[in-house]
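By letter and in written order, the chains are A, B, C and D; residue numbering begins at 1 in each of them.
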């Protein structure tokens, strides 16, 4: 038992920390810190910076251009990135499609798509959820019919995050209507410039354009865009869910959130003293920090086991549930810390180039919005209810 | 003991509910909330004609209600449609005006008829929830008072024709004595308003007072003795927003119930899943608790133990109401 | 809307209050107040006092010797009884068997058994639960075979509260093995002196003898002891569950518990001040009082509706869940209020005639025991899980 | 970073667990708990022979462990069988003895061999959880000290051969300075012990000190400077009882899991009911949190941030552990 990082891990941490201090663009860090909206340019720029430094895909195996970081190294990287207010790397191509291609893609697909993910040629988005297929993803209806050396796609995907920036989408589609729903699903790659693909924005209550509907009408996709075998797509999607352990707990985000909350609580005055000195507030904050301290160790224990090659189990689902609930509690307490200035909300103020003075403290505008927006975290990526089903099934065998 | 409303009040509530359902559909509501004034002059005057404003005030004020139960039933119906019209601001201003020994009938005529809207400006950037914290100053100059300071998050403060402003005529920032209320025209010289939308679809304003001059006639109630009035206004407003929350909670539960019955996953309505059923059962139980707390606060609004019951209501709605709202999102 | 009692209700309250002040035996009140064990004599004495005053069955219809109190009057009676530290009346005959006999019993049964309940000739206990039939009561196996003008009973009941004091037991028994389990159940009355009836004590961890197993071996019961029709017992049992609304929320108990807790919190010293003045403790206590204040009104609203003849709905289940959770939270906070003196537990000290000085404060000994013992309240009488099933079924129609 | 125990410690934990399972079945445990001494002299000496006491102390004390992780693994195993032998009392007394600059080897030999049991008497009827609150007085009389006062709920205080008593040699009730520790024989003149069972199956005692006379040699550590030692003892004890709780929690979860799989109602194992599955999932998640908090506290037990991590552990076990225990009862 040793709760300290090994000398190697400490060296790695120091390396990443100094890189972040030197390379996170100041303007971007400021946006991240104040929860403002990032432009596509911000994200592309950061992607390029990480790629040129070789950190973008540090967790990829070396043969695909990565450094073969283990789970602990990834955890360190994530903590240092968020601590420096670096934006989270857009995960769809890098962490969601890439592992599937590495495991099930053809050599041609690997050689063609993986480099384009790294150099930013392709911005990928995920085509999983459908209006009728959320928690019950296997009931998805979007069809892909084989015609000669093409598939013809028809149907609709929804909640497609940042689809408005993407030029490629990886989709789960139905290639067979008979048998168990899981058995008729295929995993296919679609160029979004193909005619018949239409992206329709979904504007959130807060005015943000974050998610989209993607409609497919007789979209003609070359058969070689199929990943792995036809009707095996469900296996590939599940492989991803189970093997994508890193970052799911959001420890780095939570630590950054706590830091921001403390900044606010020290600035806010209550009866002439900083709010942070109010015993009830302090107790609430401490309870969150206590849970986070435990979860950080839980996360590291699981990452250590992963680094040692342990198969992924229900722990991933535990991290998803605990991590989302914990971060939501930080959002909630931050909102409370603001007092009356939690009420004003000017959506434009989140945009680059908004120059009016802030209403109330400069940190106030985004807080309530974040509280509402982050209710999604316990719903997306496999709702917490689905995660609890997984936990009980795997641990109870029921 | 009797938990039934009078026939009149029940009819009023039904009428308010019908108006909200028929005239205030959600897309219309969003449209109004997004407008510059954050209200609909047309619907506001229709609601005034229906007596929805008059119901908030007693007969001495020219209204026909004014009891805690009147306020509760009206705001519950408003909450069921997330109505953003300035009921709360005018309830607060009107309640403050009751502290005046002078003839305020003209003001109440203007409020109850919907011709003019009033607002109540008390909170300040540094006051948080401490009602006695008033930095804004009012200094006597001949027969006039000169007001200086800043008021924060004044509900409907940007569009109000008249604004009741609290200011310190003596004492230090958090002294209990020395707070006085003044009625200031919305377009008074030296009053700088910055209006903005709020996260719940209302509009509010931060208001700077730079040498705003008003005559002594505009003073409401005795000099330096307004804290009790501020507390009363806060109690009435708290009951109102909690009753509004109850209306919204009913909607949350009804919408979620419908969704559980109609949304199918894994081949069955998701309401068939016991884990969701049990959470729904707890939501419905807490809804009854909130309804009871609204009844308690409304029934004690004019009693000595008003503050205990109003605080209890606020605390319960803060816990149970948020649980219901968050669960409603999660179950969708 | 009027939250005050009507003049009639106030007069009734005053009448009950003065009766309680004058008639609750001091020694018994002291035991109730300090959560000591009551002897059968204590309970019989109280039963007789209430009966001679005509209050024992005030809620019974007049034709059966009651006063026809409505639900509000019962709520007032319960609050005044607990406020005066009067023991709760043993409910098995008075409130559980009697309504069934009134609704489904024969005139002979009503004339024979109801007076014996009032005058204390018969002490009834309830034979419902079996080792294999708890939440799933309908799966009960205890058999009753008709032989001539008798039934022969074989099987086992369990968790039989105060069965050691009882001379009669009302049982749900299986008279038919075919068809739906609910359809083969009958409701029968058994003299516990009949040969073949054996009561075996279950001693709780705390050393209390509160519940029992009751074994039946070839017990011969006259056919006229059957209540209503054969195989209709389930209907009778459910009738009871739904119609026994009063007291289920335990408002009176909760109010008495809060009072006791405040007494302790004012006596306990923390850093030289009463614990009651500690802001964290005060906040915890207030939150419970807030919930109780709301539940008291919820209860009265439901009792009022009942008094106005409204059919019983899921509200009963809501009261069961909320009431038990709330009283458990009072037990828990009382335990916390004690500090280190929550630890000592001397079972004998709960018995009449224990004369040693108390360990720590005189109120300390029973507190932790009560916290543990009262975990049962969310399990018995239809577990809170079953109650939530009922609520969602009735309100969701699912 | 490394979350695996050394091979030696893992073997020790396995051995302790095996002993508890094989030699300390639950009915035997209840029998021992109900006995006058609340311990089994025979099993205690067997556990001593196995090194379970020695593992709690470092080599300077003649043990072979003493780190936070050693204490945690031993108490986790003890908790899995609700062992009531006086490990906690002797850990506390031994930890206090480490503060002595004198040669304490004889004491540690007695403790580690199991020949004698020690206890730690600090809490008082009025002290609650304030460690600096000591009313018991020690006054110098020649070369002796004379102790007067009352100690409350002293774990295993009735059967201990030696008792370490905190007393005030200067200052007022809650002063940080002025607290001194003394080693007092369990049968000292003027010491009146009232032993009793505790709600969790241990035994404890209230101890009255009436002119109890001890020599200055029995003083442990510097005069008036014992609060830091008391805080260290409390930190070690808190880690121990929380690790013990983790062992009990594991049992709760395992027993409840078995029950959910085997108990049938409505024709299926009750574990098939989703509402119970989801609660079980939360219980198992919190169990991992508690295990992590035990690791954190054990790993920081000798660091400057010891108190934060020990307090965090206590708080988390208080919330999550109680939730798991109550849910385990409810699901049964």
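Things worth noting here:
To be clear about the criterion, a contact is a pair of C-beta atoms (placed from the backbone, for glycine too) under 8 Å apart; a residue touches a chain by one contact, two chains touch by 3 or more.
Since this is a predicted model, take the numbers as computed values, not measurements.
Set side by side, C-D and A-C show the greater C-beta contact count at C-D.
Matched by residue number, over half of the contacts between the chains of B-C recur in the interface of A-D, chosen from A-D, A-B or C-D.
Note on chain placement: the centre of subunit C and the centre of subunit D lie 39 Å apart, centres being C-alpha means. Subunit B and subunit D have Cα centroids lying 55 Å from one another. Centre-to-centre, using mean CA coordinates, subunit A is 53 Å away from subunit C. Work out the mean CA point of subunit A and of subunit D, and you get 44 Å between them.
Across the assembly, subunit C contributes residues 385, 388 that each touch 2 or more other chains.
Multi-chain contact residues, meaning those touching two or more other chains, occur in subunit B at positions 273-275, 277-278. The residues of subunit A lying in touch with subunit D in their complex are 1-6, 9, 72, 286-287, 289-291, 293-298, 300-301, 304-305, 314-315, 317-318, 321-322, 385, 387-389, 391-393, 395-398.
Within the complex, the subunit A residues that touch subunit B are 132, 134-136, 139, 268-272, 339-346, 359-360, 368-369, 372, 375, 378-379, 383-385, 388. Residue ranges of subunit D in contact with subunit B, taken from their complex: 273-275, 277-278. By the touch criterion given at the top, residues 123, 125-126, 128-130, 133, 152-153, 174, 194, 196-200, 202, 204, 206, 264-267, 270, 273, 275-276, 326, 329-330 of subunit B touch subunit A in their complex.
Subunit B makes touch with subunit C in their complex at residues 1-6, 69, 257, 260-261, 269, 271-272, 274, 277-278, 280-282, 284-285, 288-293, 295-296, 298-300, 309, 312, 315-316, 319.
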